[in-house]
Structures are given as structure tokens and as C-alpha cells.
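The block underneath contains the structure these notes are about, expressed in C-alpha cells.
Just so it is clear, A, B, C and D label the chains in written order, and each chain counts residues from 1 on its own.
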Amino acid sequence: MTDRRKPVFLVLGAGAGIGGSAAARFAAGGYHAVLARRSDGEGLARIVRQIEAAGGSASGALLDAAQDGTIEDWVERTERDIGPVRTALYNLGAQIGNRSLDDTPHRRFELGWRLGTYGVFRLAHALFPHMVSRARTGDHGTFLVTSSTAAVRGNAGQHSHAAAMGGRRMLCQTLNAEFAPQGVHVAHVVVDGAVNAPDTLGKLLGDRFEEFKHAKGRDGVIDPAALADTYWHLAHQPRSCWTHEIDVRPFTDVPWWNDNPASQGVGDT
Amino acid sequence: MTDRRKPVFLVLGAGAGIGGSAAARFAAGGYHAVLARRSDGEGLARIVRQIEAAGGSASGALLDAAQDGTIEDWVERTERDIGPVRTALYNLGAQIGNRSLDDTPHRRFELGWRLGTYGVFRLAHALFPHMVSRARTGDHGTFLVTSSTAAVRGNAGQHSHAAAMGGRRMLCQTLNAEFAPQGVHVAHVVVDGAVNAPDTLGKLLGDRFEEFKHAKGRDGVIDPAALADTYWHLAHQPRSCWTHEIDVRPFTDVPWWNDNPASQGVGDT
Amino acid sequence: MTDRRKPVFLVLGAGAGIGGSAAARFAAGGYHAVLARRSDGEGLARIVRQIEAAGGSASGALLDAAQDGTIEDWVERTERDIGPVRTALYNLGAQIGNRSLDDTPHRRFELGWRLGTYGVFRLAHALFPHMVSRARTGDHGTFLVTSSTAAVRGNAGQHSHAAAMGGRRMLCQTLNAEFAPQGVHVAHVVVDGAVNAPDTLGKLLGDRFEEFKHAKGRDGVIDPAALADTYWHLAHQPRSCWTHEIDVRPFTDVPWWNDNPASQGVGDT
Amino acid sequence: MTDRRKPVFLVLGAGAGIGGSAAARFAAGGYHAVLARRSDGEGLARIVRQIEAAGGSASGALLDAAQDGTIEDWVERTERDIGPVRTALYNLGAQIGNRSLDDTPHRRFELGWRLGTYGVFRLAHALFPHMVSRARTGDHGTFLVTSSTAAVRGNAGQHSHAAAMGGRRMLCQTLNAEFAPQGVHVAHVVVDGAVNAPDTLGKLLGDRFEEFKHAKGRDGVIDPAALADTYWHLAHQPRSCWTHEIDVRPFTDVPWWNDNPASQGVGDT
């Protein structure tokens, strides 16, 4: 159900992990949450019902972000039929696991770019004119982008993912450079650890997911609800004090720039 | 006045800017704030009174962080006489304005290191054994470090400051690498913009401070109260989702990695 | 003319700037240079003739790198008909000047990716199996990638270029991670300054090119022959001491991470 | 023996590794090499004799860089008695192996700074006025700084070393920002791998050094003579194309930003 007096929180990539938790957090804070994902309409409906059961307002749609026009239509429909988007979250990943170059087909590399980089460009292209127009009267919009370690370093086996995420990070910087002074807050969030996300990491790992989390220990995997609180904080920073880049990881995880202690023979060079 | 049932927020570098605002924010959230600064006892007392007038709890001390033993004694006294420090903020800067190498005396360069790098080491050295001990029973401490653009790039004229801040940033990473898994949260905050801080930037600029802020426009200078809210958020992230590094700047400021648009002749190389 | 006893230097993006100069340098050092560019067959023939006039060996082909199959065919033809490629240089850029998001059409953004990121992937995909196979017998190949400031930071107006270059940089890291241990040297060269390149910057600036260079002062624009010497050095580092990333700029240029001195009011935050 | 017609190559930290190899390389290229190290006069004399036996020119002195005035006197004596320094190499490290914070005494942390950061400042302070003066007539000087992975990330156990190296890196950037436009080339070299250096790593590892190198495999440890060739290249780049930062590592080493493949469970986040 839509309450047109509420600001809209738009999330692309709304599974039962970061996307769904962020939608729940913003709905709890008074937003109407608009969710989109590629498939599993039943899973999407379940998230919407959970938000409503908690007293929030939400609606959902299935949408293939790799197809031309889909993101654009969705933004226009939302702005016209539901209300002005105050905060948007681009939460699509492009992780396909580790694959050698030889095992990374050209079509897969291109799809990584479509979801990892081009979709961010398309969402900003469709949404920012609305946000800029409203920012002129003091209603500042926020564009949150879930990103990953692969945006800051390219690991072995990550040709498709890292190229897509490296493009994503630079694009967030160019968007910020053009639009922050116009009142649109762009935040690039480097998620540098595994997330307790059944719809993405859970599907990638399958049967090994529970075992994986158990090996990580208590609080050893990012709780998406905790990350959703950080998203909420970012979206409500006053414009004199905006964050563009922030990292998060579990306390037990080795940050991307550190060696695994076990691999250290001698002191660092 | 000290309320021993409250967790302690400790801040070194407590002027009427970031330090004082953070103290006020944590006091408002239920902490007892322990403030220290080098001089101006009257200014310090005024901040304490303001916190108390708002219903909070705070106490202050003068302290020369460049002298051996001072930080160490202060931590021990606080832990013994006031209560366990849950969150500490190292908020001392080392900015002396732009000076050529020839105009940067050896003693000044060393003092920059004492305040910019060594003090962080000394505070962590004195405080972390207490925090680690408490983290074993689930009481996690947070070590917030106010840092600056000079920690990530060295500009002309910044020999003393950038060397000190570069050391600060790497030290925060080594502290995080050793202590995060032991339950102590270390956060390095890159303040990439001017702060509305009368006791530091205000004194550096003197008569030009008001003019400077006016030229920056509305919300063109970081409101330390807004930054204090981000500090509060960082200090209360659940341990499955800790931030180590975050940047902040006013919406109108050019981030450190971008060119000033006015200086762009052709497109980026 | 082709001398099959010579190692092959392959360069994609061979105009009268970095690409042509690198071809000349490697030809002078005993390689047969294989040049490709999109258009201007006469310009290409001129570079080949100059190399031959200097006693070197070279050949050229026109090739649209944005089209599927072209790079792949060219690599196969070269390996089969000319000889084993010991050093390859990916020298295609994707700079289109500064354009606002609104003025960056979707097709242009995609083309930026095709030339800026995807082409690097395609060349590596086609070439590396050959190089890996030869490295097993001690014949190490080198993959040089001309890159730009936009690979490490995204400036205003650079949506297409920076996203493409950010992807390029991360891809070079994933390629290095997989292939360096297999004996293929991948080097990412951050060209952080204007190059005296009539076929790229010259065409972008048109009539203003000479004026631009004059304003930069003597040696204020990168001499592509100097950069070619650095490429030569990189390609001949022994494998115990390989460089993956290096930057270059004219001595008078402000590095990308520094402020233009003129824009500094107060000291760095 | 001193040949006053030769340009001078000055190296601080001249053991039988990078420093000695660089001295030999520059002597072979026509420089007079001036070497300094803290102790082992016999080892120093041996390097000088080897350079002379190869037809080069060199001289040496013992010098405690941690003491005030020593570097300054040495520079003045060299400039006055031997000749103008064209290239200087700061090659002192501050690695003490991995130590927990508790096991890092305050005096050791300070010594790390004296050798890791302050010495670079002192050498530049003493030398750059000479170099700037000569650059006005076209005789450009180069300041090479051997640096390390710890300059770009702080690993566990590296409190002293990383803080010192982080300061070193930022200082090299401030020096470059002020002095490159005045004709002095500052290059910061990130040595991201173990070096075959008997006087430093050899002494740190003791009996385990040969075993360590053997485990690394053929060409698995940086050959200091190879690195010396890169130093030579950097020192002779024309001023239109100067490198400020470059990394080097053995082909088999995992770069600092990559995970050790063995530690990768799932794809990168």
C-alpha cells in the first residue's frame, strides 16, 4: 500500500539481505519502500508483507536490470505513481565466484559490466534530474551504492567482478563531483566482508552457507540489519557533513589491505 | 560531576569544535564525558558547564599531550577515579598552515609527529589493555581518531602535518589489525573539509574566520555537531559491521581527489 | 617488412603519440613492431615508414577495436604470420572531454567501456594463452597498459571515461594476480599529465593544441618518446623485480592527489 | 678515490643489498658513489673496493642517522669536498619484525620515526637547497626513496614500522609538491617483496635466510641489482615524464592488495 505523504526509499536488488533489510529500516523510519529484484516474486512479496506487518509501507516489482529501459521505466513509474524518491539504493552485485580468465566468457564479462557499472549509470541518469530539481528547494536526495572490496583491488579470479566494481567506484566519484554541489548525496559503501544474505551469498554457497557462517564465529558475518542502520545514518547526514566513502566488515575479518596473519613469515617489507 | 554508573567518553583535544561537540553528543547519549585540552581552562570549564546545563555529565582537565607521561597518567586516573572508558576520541591536530621546507624547522617537524602520530600511539598503549580486558566479557570499546586529508595525500607546504597524519593513518591500521579481533573498534575519520571550530581553524585564521565561512556559503563548513552524530554512529555499530575508515566534507567542497573544476582545461588525462 | 627472428611488439592504438613512439622505441631495440589503429591508414603507413627509415622493422593494420572479433583475429594473425608477441601495449583511450551526466548518452557510456575496459579484457583473453605457453620455457611476455588519472579518481564530467578506466585498473590487477605467477608481466601505467600526442589530445583540442602546449611551458607536456623509454624499461625488468603500477607526469604538473596551489586558502584540513 | 668531474650519487643505508647495488649501478654509469651506513666499516670498505675493482669511483663513511647533525654534516662535507650531489638515495629502513603493541616500547616507536620519517626530512632539508640552486641552470637532481608496503597499509605487528613509513610516503608527496616544479625529482619506491639483502633481511632472519629464499623459489626474492636498474631509470627520466611512485615485487609474490589465494574461500565480496 502506498502512502503518498511519505518520502520514498527505492532499492534495486531487494533480496533477503542488504536490500530487504535496508527497505525495512527506511520503512520503519517513515519512508515508503519501493523494492525491485529480478526474480522470485514470492520472496519479494514476503519482504513487503514483513515490512507491512511491522507497521511500515512498501511495494515491490520484478525487474531485469540488465535490459534496456527497465530501470528507467521503474523510476518514472515510481516518481509519477508513488511519490518523490528521497533515497535510492543500488544494491545489485555482479559476483560470480572465482573464475580464471580462460573460464570467463566474453558475454559473462559484459553482463558483469551491465549489472555492476552500467546499471548505476542508468539509475543515476533517470533519477538525478528529479533529485536535483527538488534539491533546489531544500529537499536533498541520497544515492547509496552498495559496493565491495573488488572496487578497490582486483583479486585473482575476479576479472568480471572487479572490472565492474572498479568502474562502479569511479562512476560514484564522477557522480558525486557533479551532483553533490547540486544537493544530491552520493555514498559509495565498501562492503569488505561476507554478508548474512541468503539470496546472494547463500545461493552462491548453497549447502555450505551454514557451515561457512559457523566457521566465521559469532558476529563473524555482517548482519544486514546493522548495515541498514549505517545506510540510514548516511542518508540523514546534514549537507555540511556528507560521507562519500565508508567501509564495513565484521570485527574478526582481516581488512582487504592486510595480510592474513597466518601468511606472514617475516615482518612486512 | 561524575556518575560512576555511566560509561566514559574520553576526548583529547576538547575545544569548541569537534572535541567539545562530540563530548556533548556522547553526554546527551548517556556517557560521562572526560575532556582534556592543553590550555584555556576557562574555555574548558565553559564546555563542561554547557554539557551539565543540558542535563549531561562531564569533567575536564588541562594536559600537554606533547609531554611524556601526561596522556598515560590521565588515562589511569580516569579509569581509576571516574570509570571505564568505553569510547575514546583522539582529536589533536598538528596543522600549522602552509610552510615551505626551508621554513619548517626541525623542532616543529618533530612536534608535529609528537601530536600527530606519537600521541595516538601513547593513548592506545595506555588505554587498550583496559579495553581488551573488558571486551572479553562483551563490553566493546571504540577508539575514534579524527584525521584529515593530509593523512591520504601530502600537499605543498604540509611537510610537518602530512608526515604526521600519514603516520597516524598507518598506525590506525596496525591498531585495527591487532585489536579489532580482540573487540576494540578503531575508526579513522578523514575530515576532508574545513570545520566550524573557533578554537583551531578560528585561531589559525583569526580575523579572516568569519569572512572565510561566509565565502563558503550556507552549510559550506562542517558543523561539528553533525560530525559528532557520525562519531556516535560509529561508536555504536554492532561488531559484525564495523567501519574502519570514513570521509566527511561539506556538500559544496571538492573532495581531495578531484580537481577544482576551475582548473580543468581539457578532460582528465 | 617482417623479420621472423625478431620478437614482436604489438601495439593497439598506434597514433603519432605514445603508441607510435613506443613502436619506434621497441623497433630500435630489436623488436618487430606491429601497429594497429582504427583509421587514418596514411598516418599509420607514415609511422611504419619512419621506423623502417630508422633501420627498424614494423608493419601496420587498421582495426576497429570496438567490433567483436577484430582484436582476436589480429592477435591470431600476428602470432601465426609474423611471430610470437613478446610485449603488447594496450594504448586505446576513451576520453571524450568533460560532459555532464545529462550530456552523456547511454551509447557513449557503453562505447567508453568497450574501448576502455572490454578491449583490455579481449586482448588479454586472446594473447595470454600464447604468452603463458612460452613463459613455461622462460620466454616471459609483458602486457603494458597505458592508463590515466581517471583510473584512480573520478573527476566531474568524466562519467564515461572514469568508469571505463576504473574498470581497466581493476582488470589489470586481476590479470596480474592470475598471470604474474605464470610468467606474464602486467604493468598499469598511470599517465597523469597531458601528452604531446597530435592524434589524440591534438585532435581533441584542435586549434588550441599549440597554445595549450605553450602555456604549459618547456617540457610541460609529456614527451611520448620519454614515456616510451619507461615502457622499454618496464618490459625488460627481470622477473624478480616487476613493477605493476607506475605514474608519470611533467615536472611542472600538479599530481592528481594535490590541490592546485592557487586554490589553497588555509592549510590542508 | 674521488673524481671531481663526476656527478655524485649519495646513498644513506649502504649495505650489501639495495644500497650497495645502487651505488655500484650508478658508479658503473659514471657517477662517484658516496656511501654511508651506521656500522660495519669493513663491510662498507668491501663495497667500495668492489666498485673500484669494477672500474668505478666510490667512497664511504660511517654515520648514525638517528643522531642530530650527522646527515647534515655529511651532506655539507660531500658537497664541499667531493662534488655536487646529482642523485641521492634514502635507503634506511625501520623494520623490527612483527611486535604486538604491548611489546613495542615508546623508545622503539620513536626510533622508528627517527629513521623512517625524520631522516628523510633531514636529508631533504640539507640537500634540496643545493639541488634547487643547480636546477636553475638545468642540472636536475633526483631524490630516490626506498619505501615499503608498510607505507601504504598497516599490518598487524607493524606499529612502529608502518607509522614511520606512512609518514615517509606523505612526506615524499609534500617534497614532490614543493620541489618538482623547482626541478628536483622525488621518487617514492614501494618495495613490496623480500629483497636478497644479507645486511638487513639476512640479519633479521639469521640462519633462516637461506631457507627462506629457497622456499621462495628461483627469482622469488628481489635481486637488488635489478632494483638498482630501476633506480637508474628513474633518475634519468627527462623532466617532461617523471615518475613519483612505482612498486616492485617478484613475479611470484602476491601484491599487498591481493589476498593470498589459499585464504580465499568464496569470491571476493
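We adopt the following convention: a residue touches a chain if its C-beta (ideal position, glycine included) is under 8 Å from a C-beta of that chain, and two chains touch if they have at least 3 such contacts.
Quick caveat: nothing in here was measured; it's all calculated off a predicted structure.
Participant: Which chains does subunit A share as contact partners with subunit D?
Facilitator: For subunit A paired with subunit D, the chains in contact with each are B, C, in label order.
Participant: Work out the mean Cα position per chain and let me know which chain is farthest from subunit C.
Facilitator: For subunit C, the chain whose C-alpha mean is farthest off is B.
Participant: Looking at where subunit B touches subunit C, is over half of the residue numbers used by both copies, so same, or under half, so different?
Facilitator: Mostly the same residues.
Participant: Roughly how many whole angstrom separate the Cα centroids of subunit B and subunit D?
Facilitator: So the centroids are 33 Å from each other.
Participant: How far is the middle of subunit B from the middle of subunit C, if each middle is the mean of its Cα atoms, in Å?
Facilitator: That gives a centre separation of 43 Å.
Participant: Compute the distance, rounded to whole Å, between the mean C-alpha positions of subunit C and subunit D.
Facilitator: 30
Participant: Of all residues in subunit A, which are in touch with two or more distinct other chains?
Facilitator: As it turns out, subunit A has residues touching two or more other chains at 150, 153-158, 162, 173, 176-177, 257-258.
Participant: Can you list the subunit B residues touching subunit D in their complex?
Facilitator: Within the complex, subunit B contacts subunit D at residues 68, 100-102, 104, 106, 109-110, 113, 117-118, 121-122, 124-125, 128-129, 150-151, 153-159, 162-179.
Participant: Inside the complex, what are the residues of subunit C that reach subunit B?
Facilitator: The contact residues of subunit C facing subunit B are 95-98, 148-150, 152-158, 161-162, 191-195, 201, 204-205, 212, 256-269.
Participant: Could you list, by residue number, the parts of subunit B that touch subunit A in their complex?
Facilitator: Touching subunit A from subunit B are residues 140, 173, 176-177, 180-181, 183, 185, 219-223, 226-227, 229-230, 233, 237-252, 254-255, 257-258.
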